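Both complexes shown next keep chain A, but they swap its partner, so chain B is in the first and chain C is in the second.
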Partner chain A sequence: MKRILVLCGLLLASGAYADANTDILAKIDAQVSFMDSDFSTEIEMKETKPGEGVTERTIALFRRDSEEKYVMLLLKPESDKGKGYLKIGNNLWLYETVPTRRFTVTSAKDRFQNSNARNSDFTRSTFAEDYKIVATAHEKLGSFDTTVLSLEAIRDDITFAKTKLWVTADNLVRKKEDYSLSGQLLRTTAMPSYQEFKGRYIPKKVTIVDALLGKTLNGVFKNEVTEYSMGKLSTDPLPSIIFTQSYLEKNSQ
Partner chain B sequence: MWGIAWRNFVLQFHRYRVLGTALVLGALVFTVLFGVTESLTRTVREKAARYFSGDVMVLGFDQARDWILRDEAAIESAFAAAGLDVAYHHRRSLYYETDAKLLFNGTSLVQRRVIGLDFSVERPNFSRQEFVEGGVPGSVPLDSLWVSADTAQRLHVRVGDDVVLMVKTTQGFRNTVSLKLVGIFQDSSFFGFASYLDYRTLNKVLGRPETTITELGVSLGSGADSDGAAKAVLNQLKARVPTAPWVGTLDGAYAWADKATLSSTTYVVLPLSGRLKQINDLIEAIYAVNALLALVFLVVVAIGVHNTYQMIAFERIKEVGTMRALGMQKGSVVSLFLTESLMLGFLSSVVGLILGALALWALGVVDFSGNVMTQMFLDKGHVAMAWAWQNVLGVLAVMWLTTLIGASLPAWRAASAKPVDALRQD
Partner chain C sequence: MIRTLLLGLACLVLIPGLWADDSTDSLFTNPEPDSKADTTQKVSIDPFNGRSVTFFESLDVDGYYISGYRADNTEINTPVDALNFGFGSDVRLDRTTRAYASLYISYPTQNTSSTNLYNPYQPSINLNEVTSLNFSSILVKELFLDYSLGNAAIFRLGRQTATWGQGKIFNPGNLLDGIQNGVAAKVSTAVGPVNVTLVAIKNDSEYNISTGESFLSLANAMLAEYSAGVFSIGFSGFYNIGVGSKADGYIKTSLWGTDLFTEVLAEWGTAMNETTTGVAGFYHEFGEDTKWLKLETEWLVSGRGTTGTFASVANQNLGFSDQTLGIAASSEALSDISLKPSLAILHSFVDNSGQVILAFDSTALPHIDLSMALTRVYGASGSRYIVNNPDSQDRVWSVTVKASFNFDIKSTDGKS
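Showing the complex of A and B:
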């Protein structure tokens, strides 16, 4: 009888632990997602490849998180103007204008325009749906007291098999490390400061450092870095026509 | 007849000198042409057989399209029962997606094909790669990696460096493994866009069971017919496991698999020619150009032989008249001339063959390795010495036929002359 009670206690405790875990991740997701309104912004992105120079891009992002949709339109550089991405549910299309105007199926796991950002970086946050927490720790990250959550994927269709989050008490992710299945660090993302907008939080600046790509210059290894910031924030309702292929086609003309 | 012909041939040798020289030259050119073609096609086939899994290979299709061969013993037994002339065995696990990347010191390079080898089987064949640095160690560590010189140059890696291989697992996650570069092989051609490692290491990083095999094959002895061998293996395999009908090519296999309802792993047997259409097209193009050149050359030689024989027949018209006056029949005169032409053709061919073989040897000494375009056809930068008996017979037959055709009409004309008229000629 005693053993059964202990077992029940353990089961309840593990269930509660799992719930608590999911709860933390759900809170993190809720801080940065717009489930009850549309969201649009203009992203200024700077991609630095050591020895090769800097590429700057301006991207218009339109999100309807409640329907798992987003549209991204490249506004700058001029050579990429007209290109765009359309995500509806699990389907993601890239619209290209050169050499011919056409849609190709792409993946959320792929690099965004060969930068260090992935296409999945621009969707709503889905940590609670994609990962389980396998370890927690506490760590000082600069001036922040953070909880470090080690996550492992629970689905196959997500970008990174393993991820580590540095989360502050306000459930905002300040740093993120993405790993391969074997545990190789692939990239580090830093989001030290956020701006509050309509009850949600938007990172002021995101810095993504690729752990594997870069170049040795003057004896020092410099990683490839992609930085972006979001401006012109809005939660105004967006017309549904935006989330269609024909919108991308028309926009490019 | 042969005795008279030989006597005439020796006595008239001074008349045959120019024609003989031309025929020797012809045999030499044919020898070099056939030899080089044989060498180029043999080398490219050998490289293709090393790159793919031999001259005959077995692939497995099922609904999951995971390519895993689940009835390895049955396939091995079918290979054994087919009675093939096997030079090398191939046992490998492959990654053939467009996203395989090698990373070193911040640089990445996509690989067309990542090949996991079972070195207990593949070592003899793989050791034949032209290594420019490193090689195949006596005991192959599990984290060993081999790349082409082109890949090594682009990644700036040397033997001993740690290189990261990034692939996508069967579940779709990116995964990495750190590998030690132990060998760099020279091949900047199509076959150089591959990297090799131990099959267990590749399986592990892909999330497959460690001993998974996705391709089994054999390389055949020189000159063997891979299509015939593949059909023989298919016949044996049919009795052992579910098999697809003969499809001939990889595209054919995909087309068949798309239509078929596969309840269990079903096996496709492919010849090497069915794996790489471009290479086949290239080889066929080489043969076509070769045939065209040979034809043009043949016509030129035949016309030359014809003209020269006409002169020889004219110069010997009195001799023909005497033979005819002594009672020799027209047919016998023709036979005599043709026998002499056959002797001329044979001697010229043999001399031409010997000189051609020497020319091929000399060509094989020249190092062409600087040229990227020709890399695919060269063995360690050189034209390999390939001299098939079919080529020897071919050169002999072509030269005999040419001299026979060239000599026929003049011989007939000479034999047709009336003895009185022939004897009157100056």
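Showing the complex of A and C:
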């Protein structure tokens, strides 16, 4: 009887631990998602490829998190102007303008315009739905006291099989490391500062260091780095027509 | 000796990693404090809403050589060349109105048609084989007017392109076959979470109207799409008095990292014989950062075709006996050297005919695309893929070597 009680106690405790885990991740998601309104922003992106120079892009991002939709429209450079992405639920289309104007199905896992960002970086945050916590620790990250959460994906279609978050007491992710299933570090993302906006938090600047891509210059391996910042923030309602292929067709160049 | 060699190799692999400058730690030593966002500006939903005029030009030069054998072992070698000069303009008056024209001049002018290799239901592709120096007159690729009715609807009127349907290999759900060579009016809107598109297509040749009553060649189509959770669903319909009616429905989802879809098309009426066509498929990418295999597999069960051809108008219902398997695979494993291998297999179970194409495509040189393809078309005489051999010379074994050069340039308000 005692054994059964102990077993029940352990099961209840593990359930409570799992709930607590989900709760932490849900709080992290809630800080950066807009489930009760639309969200729009302009992203200034700078991609540095060692030995190849710097590429700068400006992107308009329109999100309707409650319906799992987003549209990204490239505003600069001139050669990419009018390209775009449309995500509706699980469908993600890339609208290309050169050599012909056409929609192709693409993956959230794919690199955004061959940069170090992934298409999934621009959706709402879904750590609670996609990952489980397998380990926690406390660590000093520069001037921040952080909890380090080691996560494993609970489904195969998640962009990164394993990820590690450095989270401050205000439930903001300051640093993130993404790993392959085999444990290979793929990239490191730093978000040291946030801007508070309508009760949510948007990183002032995101720096993504690709662990695999880069070039050896003067004997030193230099990683590819993509940095972006988000400005012109708004939660004004967006017309539904934005989340259609016709909107991208209309804005094609 | 072996140890030394292994040590050397380990150093070569590890040392660049040790020296790697991949740390973000310095960003956290003295970070800018969190603060309130600047909310004085917001991004425009009409970023290209000003008056602008863009002119563009393109030049595509293709040269390829096809060498192979017919079924009777006759050797046929064919050099092929094609040259297209494209030009056009994109004029925006304000946020509501835009006029777009894309025109081209082609050399040579005479084409021979061939069944589209990957989608027998689509309009045929052209293989240019005449080498006389004789340019065509100006051809219209696209010519349309866009009009936005506030934020409620977007209209497009004129010659345009559009594709419906979910299949990447077999696409019976594309109800807009006739839009390619016709004139169409399209309106898109969103009704709550449902995206709705209505299309009216005028195409005298596609809908086989020769009576002079041109309204008979007007076809109407409608598509409604909706996403709920992990599922996306869509329904579409088509009607033309000469062709008949079509109704199509699809459902898509993603499970275990694999995209899955199934789609059913029903056709009935004047030229149809109450046929039903179904296609189901999956798409999966293998590999984490580098996709070493991208695999699309589709299964077509069609009552639409006849025994010997993929005719676009059905006259015989084959029911579930007409089944075709399509596999398309490609790899990014050789992307470091800008080489993309791909393999396509189509097999019809109704008469055991099919096609296998192994191709390599190189984009290592700027503006130049080099490719090579090995093609095998198999089946008994009169079988589907033998009758619809995409090669106009009916080779059943062939090697194609192709080089393409292209460039595009555009200038907006005088700025390139």
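Criterion: the second predicted complex is superposed on the first by the 252 of 253 C-alpha atoms of A that agree within 3 Å, B and C clash if a C-alpha of one lies under 4 Å from a C-alpha of the other, contacts with A are read in each partner's own complex, and residues count from 1 in each chain.
Just so we're on the same page, a contact is a pair of C-beta atoms (placed from the backbone, for glycine too) under 8 Å apart; a residue touches a chain by one contact, two chains touch by 3 or more.
Only a predicted model underlies this, so the values are computations on that prediction, with no experimental measurement involved.
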Superposed partners chain B and chain C on chain A - clash or fit: clash
Partner chain(s) touched by A:175 [first = chain B, second = chain C, both, neither]: second
Partner chain in contact with A:186 - chain B first, chain C second, else both or neither: both
In the superposition, chain B vs chain C on chain A residues touched: C
Touching partner for A:52 - first (chain B), second (chain C), both, neither: neither
Which superposed partner A:236 touches (first chain B, second chain C, both, neither): second
First (chain B), second (chain C), both or neither touched by A:142: second
Which of chain B and chain C A:36 touches, first, second, both or neither: neither
Chain B versus chain C as contact partner of A:23, first or second or both or neither: neither
Identified clashing stretch of chain C versus chain B [203-211, 239-247 or 329-337]: 329-337
Contacts on chain A seen with chain B and repeated with chain C across the two complexes: 109, 156-157, 161, 180-181, 186, 212, 214, 216, 221-223
Touching residues on chain A, where the partner in the complex is chain B: 50, 109, 153, 156-157, 159-161, 180-182, 184, 186, 212-216, 221-224
Chain A residues within the chain C interface of the complex: 40-42, 60-62, 67-69, 73, 75, 78, 81-82, 88-91, 98-99, 101-103, 105, 107, 109, 141-144, 155-157, 161, 172, 174-175, 180-181, 186, 188-190, 192-197, 201-202, 204, 207, 209-212, 214, 216, 219-223, 231-234, 236, 238-247, 249-251, 253
Of chain C, residues touching chain A in the complex: 16-17, 19-25, 27-39, 41-48, 54, 58, 60, 90, 98, 146, 148, 151-154, 156, 161, 163, 168, 186, 188-190, 192-193, 195, 197, 225, 227-232, 252-259, 283, 285, 288-289, 406, 408, 410, 412, 415
Chain B residues touching chain A - in the complex, by the definition given at the top: 103, 105-108, 164, 166, 169, 171-178, 205, 207
